[in-house]
Structures are given as C-alpha cells and as structure tokens.
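Each structure below is given as structure tokens.
What follows is a pair of complexes built around subunit A, which joins subunit B in one and subunit C in the other.
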Partner chain A sequence: MRKVVAIILASAFFAVLLVSFSNIQQADYGEKEYYYQNPINGSYANESVPSHYISNTKNETGAVNAVTAIVVEYRGFDTLGEVTVLFTAATGVSFLLYKTRGGKKRTEANLILKEGSKLVLPFILLTGAYIFIHGHLTPGGGFPGGAVIASGFLLMMLSYPKFFMKERAVSVTESMAGITFAFIGLLGLVFASSFLQNFLPLGDAGYILSAGIIPIIYIAIGFKVGSELSSIADKLKEVQK
Partner chain B sequence: MVTPVLMIAIPLLAAFLMPLIKKAHRYFTFSILLLNAILSVLLFAKVYNDGAIYETIAGFSPPVGIYLAVDNLSALLALIINLFATINFVTSKKDFKFSMLYLLGVTGATGIVLTGDIFNMFVFFEITAVASYALVASKKDEKAVEGSIKYMILGSVGSSFMLIGIAIIYSQLKSLNLYDIAARISSMDPKMMWLSFSFLLTGIGVEAELFPLNGWVPDAYEGASSNIASFLSFGPSKASIYAIARLLIIFSMSRTYELALYVGIATLLIGEVAAFMQKNEKRMLAYSSIGQMGLILIAFSLIKDTSYAIPAAFFIIVSHASAKSSLFLISGKKGFGGITSKYVGLAGVLSLIGMPPMAGFWGKWYLLMGIADEKMWAVAAVIIFSAVIEAIYFARYLHKNLGEGESEDLGYSIPAAVMVSVSIVMGILPLIYNMAGGVLNA
Partner chain C sequence: MMWPEYITVAALISIGLYGVMAKKNLMKIFIALSLMETGVNLLLITIGYIPGGTAPIENGNFAKYVDPLPQALVLTAIVIGLSVTALALTLLIWYHSKTGTLEYRRGMRW
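Up next is the complex of A and B:
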C-alpha cells in the first residue's frame, strides 16, 4: 500500500515538474533589458549579469577561461564556501569513522593492476596538477584537478591493500591550502578594498603568470580537494572494530 | 574597522588552522567564538547608528559579484547565534575535530544571516547542515546515528530542492542578488514564481523544522548529546527561519504570505499536540521546538500586514533560543538536582509559555497585538489554544523534575543559567522593541 501511494505521489510530482519545466522553454529564456539599482552607491546598470561576464571577464580579471573567472573571482566567496563544505564533510567522516586500520584480510590485487597502477600513477598526478595550474587558461581547475589526484591515490588503495595515506601529512596539506585561500582573501581586504579582491597585477591574458590571484587560489583548491577526497577514501577503507 | 565579512572569514581561517594546533583547540575555538560575538555587538552598534551595511566581496558591485547585507534584525540574529554558541561551547569535552565542526556550523549559520545573495545563502546552508549531521552523530551510539541519518537524508534532499529553486530564479531573472530579485520578481511568470517559491520553501523548511518536513527533528534532538541539541535549537533552525522571512519579503505576494501562515499554523498545532502526547523528555522538548518554529513563521507571515510582526518574531526567537537551549543543556540528568538547574528549568519554562517578565511574553504579546489589529480571530484562537497545551505539558515537565533529582553537573547548568538569563534580560528591557522594529529590507 505504501509503495503504491509512493509511486502515485512520485509520478504526480514528476508530472508537475515536467509541465512546469517545459514552460521555461516557452517563456523568454534570454536577455531582458532591465535597470538595476545598486544598493551601495545608487548607480544603475543596464547589462544583465551573464552578458557582463561574457564581455568583461578578460579585462576585469585577466583570465581567459570565463568559467574560472566566475568561480574564483566574481563568485570567489561561494567557492570558499564550497571548499569549506567539502572540508566539513571530510572532517565529519574522519570524526565519525576513524577507528583502527588493518582488521580484516583483503584479497591481493592481480599483477596487471599492481604493475599498471605503478606505471599510471605519475601521469595521473601530473595531469591533475596540470589541470589545476592551468585553471585560468584551459577548461578545468582546482576541483577537477584535485579529484583527478585523489583518483590516483584511490587507484593505489585498490591495488595495494596495505597502502595508507599519511594522516598527518594529508591533514597538514589540507589545512595549509585552506589557510592560503582564506589568507589571500584577507590580504585582499588589506591591500585592496574588499575581501577576496585581486591585489596582484593582472599580467598578459593567456600566459600562465596572469590573472592575479586566480592561479594561486586554484592551486590551493587543487591541493585541498585532492587531499580531502583521498583522506575520505582512506577513512572509508579503514575497518571499524 | 568592523566589516561583516570578518565574522565569516576569521572563523573559517581558524577552522582551517585547527588541525595544526590540536593541543589548545578548546581555548582557541572559545576565543574565536567570543571574538565573533564581540564583532557582532560592534556590528549591531554600527548598523543601529548608520543604517544597513552593504559590503561587496571581491570588489565587484552587486548584481555581478556577491555582497553581504546586514540590517538591524540580521545583526541581532548574528549576535544571538554567536553569543549562545560561545556560552554553549564551554560544555564541550570532545577532541579538536568536534571543535572544528562546531565552529564551522556556527559560521554557516552566521553566514546565512549576513549574506545578501541567494546562492551564497545556499552555500552557507550546506556548511551548517553538513556540520550538523556530523555533530548530531557525535555521541556515536545507535540513537545518535539514527537521528543523524534521518537528518542527513531529509537535509540533502532539501538542499537539492533549494538549488533547483535558485536555478529557476536565475534562469528567469539572470540574477542571484536578493535585492535585485526582490526588485524584479514581479516581471517573472507567476507559474515560475510559484515553482521556485515552493522549491525554496521546501528546501529551507527542512532546516527550519516546518511541517511536514520535520520528521528528523525528534530523532535528531533525542540522539544528539545535550549541547548539540542546544546548538541545533539556537543555530541552524533560527538562521533558516530568518532565511524564510527574507524569502517571504522577496516574493512578497499575498498568497505566499497566506501559504506561510497556514504552514505556520499546521506546524504550531502539530508540534504542540505531539509534545503534549510525548512521554520522553527530550522528544517532548523537540516537538515543542517545532511548535515554536511554527509560531515564529506565523509572526513572519504577518510582516506585510502589521508592524508588530518583526518584534514578535524577534522576541520569540530570543526566548526560544535562550530558554530551549538551556533546557536541552540540563536535560542530560534525571530531574533538576541542584539550585542552578532548578532556576534554569523554571525560568526556561516560564519564558517558553510566555509569562511576564520573560522575553517569551513579549513575543506572544506583540504577536497577539498584531493579530488583533488584523482581526484574524481564528489565528488568535489557535495561538491561545496552543499556549494552553504548552502550559499543561510544561507544568507536567516541571512537576516531574523540580522535586528530587540526580545531583547536577555544574559544568552544564551554569552555562545554561547564563543562557536563560538572556531571556530574562530581554524581557525586562522591552526597549529593545525600538531596535527590533527597524526595517528588514531584503
């Protein structure tokens, strides 16, 4: 009975969503001219937010990759928050799960996985580092780069049952990266006028040393995400006695 | 220089720093929380004198970048959250990871209150919710894990609903700024407006303990250790009910206010009746929290109609945050053994059922005044009926506990006494009415 009710409710919900989301397409889904009054200085803007991003990103932030500019500069505060969410989740996992290591016996991985992972690991780490160092130039950035690095460590955990992350090193990396991010934000408050504001020269767009604080923040995020995801995988591997 | 962003940036920096300084983590966390409470006092003084503060982040003016918007009510709420967090933290006896999660949870709740950007609000919701899931489970027994898992499932579904609501608004208005959305919401297709409103209300409603999204509440409060139950009742829930108030002001349609009123009445009635039927003490307190959240929502749903709404909501928030948190703190033992916990129990209950001279009295008084102005007698009858039920079960609670009991743990009852004193002070100083009556501009 409960299942029937649940199915009926779920399909009704689905139908409502389907009808309403199909309406979004029909409604004008694009630019609308509008006048927005800035509550801080009372000035008016007549350009919508997305078109502002498209036309001004390169001049304002020096980054070629507009997505990165939005993630790290325009909405950098959100990114600091998202990094904190991941940090909170990793802390929560290690707070609740950390017990003993070892415990039950695991089957050894086969030869191909063991030798292959040795061969592939350096390239995985290199790719991850490339992705987050070049975040302001090419698609990618700190989050995917960190995830790639964590996947390298996950591969090691799969092929060597006795492989454990060095807990102290991981947590120090994680902390240092987080501190770097928040500290750069505070430096922005000191050297420029607001939190997380760029205070370095923008440089020539398209070069690796450009876009002010974006590469520094993205490298910090890369280290942070990489160490957090690998520590979560490491904690989940441990056995609770 | 007091800027609101420091209240978010400094605790985040401190939380990142915590694994490096493990040893003195309790003093460190305590001093950061205290610093935040002091900052929020200064912030409130500044907002009260100079009017609302808008602070840009990353140097891009609002529709493009993010900004923090602080008015009287949000500064006061930030003060309440950080002050109680500081007092409550005295009872913590766990390791540095607990301190970290606690600090992050408080920061998230502060961020929700201070931010002026809807996606930023979502991010802070995530921080405080994820920290709360872990904190609820911190006792690591079966009940704690059950409460935590229920909370986590409902909470994460709720956050995805909230995200969809934000996405709909962005697809229509191309903006995430609360002020901007409020100014142009009328240009949105009404169907889309209702869709996004219902997604947002459902998403935030999980955290704000609204009916019918509050299935996690009794289990989480029962399973959590007493200082975390206390944290849940002054931190995340208060911040999210404030977020709902901002939402109501943004959408600002008579029908959305009406919907909020009905949800509030249902939450109030069901919470109070369930508390009345409940035998387990912690669960009873949890259901009573649900009822109080309904009362706050009723107050906020009258914002447009009467100027009493904001003071009413503010006093109920103060009364509930201080009284319920202190009752949870002393709920670990059987009965109120010593004089301090007897005082806490009595003062807390008096404030919750709305007796003068406590803060709870002013809350219910202003609420009933506002309702009487609008001549909504049915709502007034519901509130009085629920107050009677509340009085009955709290009388039972006092009768059971005020007699003999286990000897009290002063480490818990003294912080609880400090917390509940806030309720008394705010009851004696109804001058605060003038401050709370300030504009709540979204």
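Up next is the complex of A and C:
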C-alpha cells in the first residue's frame, strides 16, 4: 500500500517537473538581457548578471576563471559561510564518534595495494596541490583540490589498518587555514573598503602570481577542505560494530 | 530545448522522492536524498548551459561562454552535500548503536 502510494505520488511529481521544465526558455537564459533598476539614480542598466561576470571578470579581479572569481571574490562571504558549514559538519562527526577509536581488528591489505598506494600517494597530493594553486587559471580550485588530497589519505587508510591521521596536525592545519581566510578578509576591511575586498595588485591575468588575494584564499580553502575531509574519513574508519 | 537532460533531472528527483517515501531503511533514505541532490545540481548546471558555449575561462579564442554563476553555486552545493551526508551517516551509526537496527519506526524512543 505504502509503495503504491509512493509510486503514484512520485510519477505525479515527475509529470509536474516535466511540465514545468518545458516552460524554461533554454536557449536564451544566459544571453537574455535582464534589466535591473539602479536604486540610486533610477536608470535601467542594460546588462545581465552572467554577461557582467563574463565580460568584466578579467579586468575587475585579474582571474581568468570566472567561476573562481565568483566563488572567492564576488561571493566570498558566501564561501566563508560554506567553509563554516563544512567545519560544523566535521566537528559534529568528531563529537559523535569521539570514543570509538581502536575498534575491531581488520585484515591486512595485500602487498600490491600497500606498495602501490605508498607509491601513488605523493602524486595524489601533488595533483591536489596543483589543482588548488592553479584555481584562478584552470578548472578546479580549493574544494576539488582538497577532496583529491583527502582521497589520497583515504587510500592510505584503506591499505594500512593502522594508519591514523595525526589529530594535532590536522586541527592545526585546519585552524590556520580558517584563520588565514578570515584574516585576509579583515585586511581587506583595513586596506580597501569592505570585507574580503582585494587589496593586492592584480598582476598580469593568466599567470600564477596574479588576481591578488584569490590564490591565497583558495590555497587556504584547499588546506581546510583537505584536512576536514580526511579527519571525517579518519573518524568514520574506526567505528565499532 | 534539451529534453534528455531535463528528463534525467525529473527522473532523478522523482526516484529520490519515491525512495524517501517508500523505504524504511534509513541508509536507503539517505541514498535517495543524495539522488535528489544530484538531480537538483544537474538542473542548475543544465539551466546555465548555453548551446555552443565553452567553460567560462577566458583565453580569447572563444566567443561564447556558459553561465558561470550556477557552476559556482553547484560547486558549493556538492561540498555541502558531502559533509551533510557524512554527518547523517554518523548519526545513523549512533542510532544503530542505540537501537540495534537501521529501520525507522514511528514512536521509537532512543
């Protein structure tokens, strides 16, 4: 009975979704000119938000990658909140699984996995660091780079049952990264006009040393995400029963 | 109009809704919620796509770029979803150690 009702409701929802999607004007969503009224002088700006981002990112922020410019520069406060959510989740996991360390015995992994993961780990860490250092030039950034680094540590945990993250080092890395993020935002308040505003020279777009504070913040985010995800994996690994 | 993408989105969200409504195992409910989340992310990315556009990284060779804003939002949503799933699984471990089961029962004290 329960399943029948669920199937009927889900199919009805499917039909509703399809009908509503058929009204989306797909072809000109990003291209259409949206008119916004300027609150100060009452004029209508002849520009849409996406086209503003695409045409002005390079001049305003110095970053080539528009997604990175949005995440770190235009909506940097949002990203600070998101990092806080991630931190809260990691804290919750650590809190709930505090006393479960040293669970049941696990079988040793075989030789190929152990030696192979030892060989591959430095390259995984290097790839993760490359991804978040080049966040303003290539696709990627702090979040994917941190996830890649955490996957490297996860591989070590899978192959060595006795591999633990050093809790002290993880928490110090995480706190330093978070402090760097907030401190750079406060420096923007001091040297420029608002929180998280760029106060460093923009440099030549397309080079590593460009885009002002964007690479610094993204490196901090990379360290923070990497340490938090590895500590989540480390806590979830040692669960009894 | 790009129908395959929208049909995929609708199917993912509906399957997730079915799982949330019909299943009693909390693990399966979390999997269904992840499916719904994937559907919503795919919907945002699909809406921001412009036919013929490339990734929004300026190098002067392309005239048309896709909308960068939904991509930034989805980048955020994926990480949040991952951490929320980890927290949910942790609560599930706790629930299992208290009650010895993964099933949801109405009126259960724990």
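Everything that follows uses one rule, which is that the second predicted complex is superposed on the first by the 220 of 241 C-alpha atoms of A that agree within 3 Å, B and C clash if a C-alpha of one lies under 4 Å from a C-alpha of the other, contacts with A are read in each partner's own complex, and residues count from 1 in each chain.
Note that in this section a residue touches a chain if its C-beta (ideal position, glycine included) is under 8 Å from a C-beta of that chain, and two chains touch if they have at least 3 such contacts.
Model, not experiment: these values are computed from the prediction.
Participant: Tell me the contact category for A:232 with respect to subunit B and subunit C: first, second, both or neither.
Facilitator: Once the two structures are laid over each other on A, A:232 reaches subunit C alone.
Participant: Would you check which partner chain A:50 touches, where first means subunit B only, second means subunit C only, and both and neither mean what they say?
Facilitator: both
Participant: Using the touch definition from the top, say if A:84 reaches subunit B (first), subunit C (second), both or neither.
Facilitator: In the superposition, A:84 touches subunit B alone.
Participant: Name the contact category of A:76: first (subunit B only), second (subunit C only), both, or neither.
Facilitator: first
Participant: With the two complexes superposed on chain A, say which partner A:183 touches: subunit B (first), subunit C (second), both, or neither.
Facilitator: So A:183 only meets subunit B here.
Participant: Looking at the overlay, what does A:198 touch: subunit B (first), subunit C (second), both, or neither?
Facilitator: first
Participant: Regarding the shared-chain residue A:122, is it in contact with subunit B (first), subunit C (second), both, or neither?
Facilitator: neither
Participant: Looking at the overlay, what does A:92 touch: subunit B (first), subunit C (second), both, or neither?
Facilitator: In the superposed model, A:92 contacts both subunit B and subunit C.
Participant: Subunit A residues touched by both subunit B and subunit C?
Facilitator: Common interface on subunit A, subunit B vs subunit C: 24, 27, 29, 31, 49-50, 53, 75, 78, 82, 85, 89, 92-93, 96.
Participant: Please give the residue numbers of subunit C that touch subunit A in the complex, ascending.
Facilitator: It is residues 1-2, 6-7, 9-11, 13-15, 17-18, 21-22, 47-48, 50-51, 53, 55-59, 65-69, 71-72, 75-76, 78-80, 82-84, 86-87, 89-91, 93-94, 96-97 of subunit C that touch subunit A.
Participant: Could you please specify the touching residues of subunit A with respect to subunit C in the complex?
Facilitator: That would be residues 2-3, 5-7, 9-11, 13-14, 17-18, 21-22, 24, 26-27, 29-31, 49-50, 53-54, 57-58, 64-67, 69-71, 75, 78-79, 82, 85-86, 89-90, 92-93, 96-97, 137-139, 141, 143, 147, 205-206, 225, 228-229, 232, 235-236, 239-241 of subunit A.
Participant: Which positions of subunit A touch subunit B when the two form their complex?
Facilitator: 20, 23-24, 27, 29, 31-32, 34, 36-41, 43, 45, 48-50, 52-53, 60, 73-78, 80-82, 84-85, 87-89, 91-96, 171-172, 174-175, 178-179, 181-183, 185-186, 188-189, 192-198
Participant: Considering the complex alone, what residue numbers of subunit B touch subunit A?
Facilitator: The touching residues are 3, 5, 9, 12-13, 15-20, 54-67, 69, 95, 97-98, 100-101, 104, 107, 111, 119-120, 123-124, 126-127, 130-131, 133-134, 137-138, 140, 168, 171-172, 174-176, 179-180, 183-184, 187, 189, 191-192, 195.
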